[in-house]
Each structure stands twice: as structure tokens, then as C-alpha cells.
Amino acid sequence: MTKMTRRAFGVGAGATAASLAAGAPAFAQETTIVVNGSGGALATMITKIFEEPFTKETGIKVKPTAPVSLPKLKAMVESGNVEWDLTELNGDDVVTATKAGWLMPIDYAIIDPDNKLPPIAKQPTAMVRASYSTVMAFRTDKFGKGKAPQSWADFWDVKAFPGPRSLENSPKGNLEFALLADGVSPDKLYPIDVERAFKKLDQLKKHIPVWWTNGAQHVQLLIDGEVSMTSCWNGRITPLKNEGKPVDITFKGGALMLSYLGIPKGARHPKEAMRFMKFRMDPAASAAFVKQVPYPGFVPGMMELLDPAFAATLPTSPENAAVQFEFNSAWWADNIDAVTTRWNEWLLI
Amino acid sequence: MRIRWTKTLLLLAPATALAAILFVYPVFGVLTLTVHDGTSFTAEPVRQIYASQLAIIVLQRTFVTAATVTLICLVMGYPMAYFMAGLTPRRRVMATYLILLPFWISILIRTYTWIILLGREGILNKTLSSLGLTGEPIQLLYTPVAVHVGMVQILLPIVVLTCLTSILDVERDLVKAARSLGATPRQAFWKVVFPLSVSGAATGGIICFILCLGFYVTPTLLGGRTSILIANLIDLQVHKTLKWDLAAVMASALLLATFACLLIYWGLTRKRSEFATGGLAR
Amino acid sequence: MTRIVLAIYFAIVTGFLLLPLIFLVPISLTDSQFLEFPPKSLSLRWYREFFTDQSWLDATLVSLKIGIGATILSLLLGTLASIALVRADFRAKGVLTALFIAPLIIPSVVLALALYIIFLRWRLVSNIYALTLAHALIAMPYVVMIVSGSLRRFDMTIERAARILGASPVRAFVHTALPFLTPAMFASSILAFFASFDELIITLFISGGLQTLPVRIWNDLSLKLDPTVPAVAVMLTLVSIVGMSIGEVIRRRNELRYQTHSVPEA
């Protein structure tokens, strides 16, 4: 509680300073910024830890929307009717969107006046918000005592681990998982052998009744018993495991990804959006957030506020990072169109 | 009491304007998009659809699903209607209300409840396994079976009611005549009621078929990726791949199919009304 | 014998039709975080959830606004058009009737795509007034069908009498035909309202950031399955059953009233 108060104070002072610096009139309190994210329990947490205190401090209301969608961003920017003031973006989305000119340059003088953020977090058109992993999640009660899948090869092994599975309705990550299951070593994944990956996916296709499209859905599928295994984002399962649900994840073979925040070109309130981005980089609030949702970013001073035992469960902890591979956004940005077309044809026929 | 043309114009203008601006013009826009890319005429979108296995397969699947669902509805619905035709008028009204009850709930929610019923750990599977009928849960949700069940549940009332109307039309005049001429009830049904009410049932079938063609919610929520229908593919092309011209070609195909069905429908109803007024009814 | 078999069959199929409704109520009354049947303990928790969650309330409000707007518009435009369609004599009558009813018949996704493309160009996506107009368009067929059907049954001798007694055409219409039409207008406005209130596909395409109730439910369904949706569904069902029943009662009362002095068609 004291931590919260301190954080509120610090942030309040910072926000006031920022608003003065930006010359924002004190009565600009009625603005609402639309912040697009991936929805679900995560959005609830973001609302509680970032958006509500932000509104309290600045009077700027925040309206969260979902889901993250590059085509929607494109349609908005090109039609000139930009609904979002800020949106979460994946690594390759940032590359594509920047090339196409759908994102606004970011003024780090507002977000990081003391220059504390590491350079990797500060892309010209997007700021790293979080790092997360796409990993394998499974039901602990479906395969017999003590038996749990430990690799993507196990995920593909329908004899040893029977039951329906789910994967994301997107080629991203899935091609890598297929190659890992096929015996490709993690350092040889890129450039991706697309042919080989689809061949491997063919083997599993009929065991996948449903392809998830967003982060809340795979949790639901697992909890409802619709599937016994699924790929998932590392933050979604832990709270349910702690509630006593028979679910678990393994970081082995996971894809370590970065998630960004960017401002669409033509956004109505870019200044307010950047103030909110600054707010998101507050160490105490971020620590509180990561305790709930284990997606750490590069917020300076945050790790020091965390319990070391807990820090070890984060996707970026040394042990966990060692068994995962780094998702290559650049490769995907170059190949996304061709692979997506093929993916749709492959999936829907 | 005829009204003057200026007044007619004034009365019609607002509704016509609304329909012209928000219906005719946009739909015409979609139709042009299939052959015109904004600057010049092109056959490219149509060619692409023709070359795309995906579009052809989904179109085929849509027609097959629509035909299957229509057939199931007719086979299930006709006996229902026949039973209702034999009830006293008061009871028939009550039966009609009962059948129409699900109509008052949005399609979205009716579809949603099937998720709860048909899931692997859903009500049906739990019941079956607790009765010892199945060991492994049956995969129903995210299969074509679930899509068909969901669609039949939504469309059956329409088919029952159209069948009922046509049976009642026939029965009122003809069955008494047939019976008084010595036909047994069975003969009266097979020789008179059934053949004469078939065309009425067929019109119900066509309405059902047209409605099937545009289904979106049910295949999305209850079908796996391989149960998607044309409406879902249009949605995908608009929102995921951003190929509006391809979406427009498929929408036009859908429109064309609807129109063809309507022509058959008009043909059937006209024949029926001629038949009813000019033929036996007198 | 056949009757008994048919009766059993009828009961089974009707059961199938009503199946979703039968399960919806108990599921909505659960105390659990997840969908379960039968519920282990009963509570109104998810009904409370609806009334305390601002986003559900906002979506309901948006739907109500659009629904009421679309109902008024479609009722006005549809009734005026119906008068012309029944009373006037002109060549394009068949085409116009088909035009007014067409939005009901063509697959929604076609109209959704068409409107989406146009609205993007006109920058009307996520504009509540544009959405209301689009809803008025899809609600109008109900008004045109019901009101023109009712007007056709109206016995014109009364109106003629009013004219002979010196009333202006408008006055004669307002005092004779309009009271006759009121129940049909009421019934069609209920149908029009629900056509708008339930509309999903077109709204999904053109609503942008606006969330109507069906869109809110849709988003919830693709994100998670918690018992709020069943609770909302039960409430919606109750509201629509009450609404439709009132419409039906009024329609029947009116029919009885006019049956006594209606003259068989010549």
C-alpha cells in the first residue's frame, strides 16, 4: 500500500511536470485517449494499474479497445479516420507499419526526459512495452500422473499425448514450433524453411479442431477442456495455475517476443498518448503490473523492486531465456505476405 | 381514393432516398468493384477468384451446406406441420407460439448456447458419459455437425410455418372432398395433401436456402476453420487480408445466387396461385 | 396411432428448438466464474456484473439510442411509402416495393461489405448517426410489409364518407385510416426495433469503435466464456418476449375491433 502511495505521488509529480512541459492547458481534462491492446484479463490489469491512476493524475480518460490488428491500423490510417491514439504492436508489425508509414515518430523527450530507457526499447516509431513468450500450455490432468509434454516434439506426438490441441491462427511462431518439433536446432531456425514447416504442420492439422485468435481464447479452450494442449502467451496460464486449475506451461522451445506501443499516424491525441507511454514506464507501477502479468519490459529500475524468486519465473530470466529462441521480427516482416496467403489457403481448405 | 402524382412523389421520396443512398448505390459499388479497379475495367479479381482454390471450395461448401440444411429442415419440418394442421385452431395457435418462441432470442445467443451444449466437456458429452454411453468425449463443437445443428435450430421454425400454410390451404377444401368420395385418411394424405402441398413446402425450402447462404455467426462460433462459409470468407478478405476486390467478387456471387433463388421462388408462387384460383379451388 | 407418433415427434423436435433456452436460465444463475451446468450454487452474481460493468451499460445505451432512432426513422419513412404504394397508381410500384423489402432478403454480409466500403470513403465508420440510418434501412422492410398490408385491408368507405362530409384528404386520412393503422404501426415498430437491436453483421463492419450490445456480446464470446453473456441473454429474451407479446395483443385486439365492420373485399 505504501508502495502504491509512493508510486502515485511520484507519478503525479512527473505527470504534472510533463503536462507543464508540454504546455498542456489544465482544462484539457476532458480528452479521452483510445488505447488499443490485446484484451482479456491483461486489459483489466492494465486498466487497474496504469489507466485508472493515469486518469486520476491527469484527468485524461483512457478507453481500452481490442484486439491488436495491423489491417485495422492500415484501414484507419488510409481512410484518415483514426480511432486509436495508441496501440500495442508486435515486432514484425512495427517493421511493416513503419515501412508503410502508418506510425508517427515518437518524441522521447516527453517519454524519457532523463534518458533512462535502454536504447533497445526506443525505436523511432515504437517503444518496447513488454517482453513475452509464446510457449506451450497443457492440462496436467489429461495424460496420466507425472506425464507432461516437455517439447514441441511432444506436442506433435499424438500417441503419447492424445487429445485435441490448439495453435494460434497465424503462421508466426507456428512455423518455428513445427521446425523445432521436426528436429531443427533453435539456432538454425532462420531463415525459415517454409516448405518443411508446412509439411510438419500437415501431420498435426487434423488434431487441431480450433485455432485460437486471441489471448483470452486459448485460456478458455484449455479450461473448458476443448483442448489438452495449446500454444499460449506465458502470462495467461500462471494466474489460473495459482487458482488451482490443472494447467501448466513450459518455457522449453518458447518464442521470446517483444511487444511495442506505437501511435498511428493521424491519431487525434498524440501528446496525451505519449504522456500515457511515459506513465507506462513508471518502475513501481510496472513492478506491480509484472507481479500480476509476467510480461517484463525494459523499464529501468523495475527488476530491483521484484522478489528474486519471482524474477526467475519471468520469460527474460536467464534460465528461461536459455531454453527459448528469439523470435526474428525482421524475417517475418519480409515474408509475412507470402506466408500468410499460404497459411490461409492451407488452413481453410 | 387515388392520390396525385406530386403527393405520391413526396410520400415516396424519403424512403427511396434512404434505399438509394444506403442500398442501391453501395451494392452497385460492390458489383462494379468486381470488374473495375477504380481507373479501368479489369477481369483480374474474377480471374483471381476463379484461380483460387480456397474461394471455389468455400463457395461449393456454402451451397452444399445450404442444400443439406434445407433438406434436413424440410424432412424434419413437414411432419411437424402435418401434425399442427390436424390440431384444433386454438391448439394450433399455441403450437405456433411454441415453435416461434426461439425466434424472439437473437441468433447470436441461440448459437452461443450450442457452445455450452456441444463442447467436449459440455452438457451433452457429460450426460452421455455419465450414462456410460461413451468413454471418450465426442468432438461435436468445431465440426460441420455443430454448424448444421445450429443452422437447423434457427431455420426450422420458418420451414414448419411455410409447410403448415400450404397444408392448410390444401386441406381446407380438398380433404373433405377426397374423404367424402371414399378415400381413407392415408390415401387422402398421399394422393391429395402431400402432392399438392409439396410446392408450398418447396417455397419454404427456397427461403431457407437463401437464408443459409448468408450465414455468418453460426459457422464462426460453432465451426472449425474448415467449416467456414462464404460470408466468413468475405469477412476474412475484408478484415484480415484487405483484398476488397476479392470480397466484392464473392459478395456478387452470393447476390447472384440469392437472385436466382428468388426467381425460382416467384415462379413457384405464381404457379401455385394460378393453380389455386384457376384450377381446383373453384 | 399415427397421431400419437406424430405428437411424440412434435414434442421431441419442439424440445430441440427450445433446448438452448432451457439451459440458458440455470447457467446464468451460477455463482462460479465459469460456465457450469447444473450450477453448484445459485446467485445473481452475473446479473450484478452486467449492471456494474460500465462497458455493458454503455453498449446497452448505444443499442437503445440506435434502436429508437432507427425505429422512428423507419416507421416514418416506411409508413409514408406504404401509403403511396397502396393508394397511388404508378408503373414502378413493383420495383419500389421490391427495393424497400430487398434489405431484408439479401445476405447481410453483402450489405455489410457494401456499406463498409462506402462509409470508409465518406468517413462515416463509427459514426452513430450513419449507423442509425443503416439500421433504419434494414428495419424499414418490416414497416413497409406490415403497414401496407394493413392499409390494404382498410375499408375506404369510411374515409370516403369523411371526404364527402368536407374533410381535407389529409384530415380524412388522419381521422379514419390512421387510427386503423396505429396497431400495425406499433407492431411493425416493435419488429423494427428488434431488427436494429439484434443486428450484428452490418454493425460489426461499420461500427468501428462503437459497441452495440450484440457487438459487445460478440467481442465477449470471442474473448472468453463467462456467465455474463447468459445473464444478458436471459434479460434480453425476457424483454423481447414482453415486447413482442404486447405487440401481438394489440394487433389482435385491433383485428377483433375492426372485424365487425370490415367489408369483405370485392
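Letters are used for the chains, namely A, B and C, taken in the order the chains are written, and counting of residues starts over at 1 for each.
Quick note on the criterion: a contact is a pair of C-beta atoms (placed from the backbone, for glycine too) under 8 Å apart; a residue touches a chain by one contact, two chains touch by 3 or more.
Just so it is clear, the structure is predicted and the values come from calculations on it, not from any experiment.
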{"item": "Remotest chain, chain B as reference, centres from CA atoms", "value": "A"}
{"item": "Two chains sharing the most C-beta contacts", "value": "B-C"}
{"item": "Interchain centroid distance [CA atoms averaged], chain A/chain B, Å", "value": "41"}
{"item": "Distance from chain C to chain B - Cα centre to Cα centre, in angstrom", "value": "18"}
{"item": "Per-residue overlap in chain C, given as positions that touch at least 2 other chains", "value": "35, 225"}
{"item": "Shared-contact residues (touching 2 or more other chains) in chain A", "value": "75, 224"}
{"item": "Chain B to chain C touching residues, read off their complex", "value": "1-3, 5, 7-8, 11-12, 14-16, 18-19, 22-27, 29-30, 33, 76, 79-80, 82-84, 86, 95, 98-99, 101-102, 104-110, 112-117, 123, 153, 156-157, 210, 213-214, 216-217, 221, 230-231, 234-235, 238, 244, 247-248, 251, 254-255, 258, 262"}
{"item": "Sites on chain A touched by chain C in the complex", "value": "34, 39-40, 63, 65-66, 75, 79-81, 83, 213-214, 216-217, 219-220, 223-224"}
{"item": "Chain C residues touching chain A - in the complex, by the definition given at the top", "value": "34-35, 120-121, 123, 125-126, 208-209, 219, 222-225"}
{"item": "Contact set on chain B toward chain A in their complex", "value": "52-54, 57-58, 119-121, 137, 139, 141-143, 224-226, 228, 233, 236, 239-242"}
{"item": "Residue ranges of chain A touching chain B (in the complex, touch as defined)", "value": "69, 71-72, 74-75, 164, 169, 209-211, 224-226, 340-341, 344-345, 347-349"}
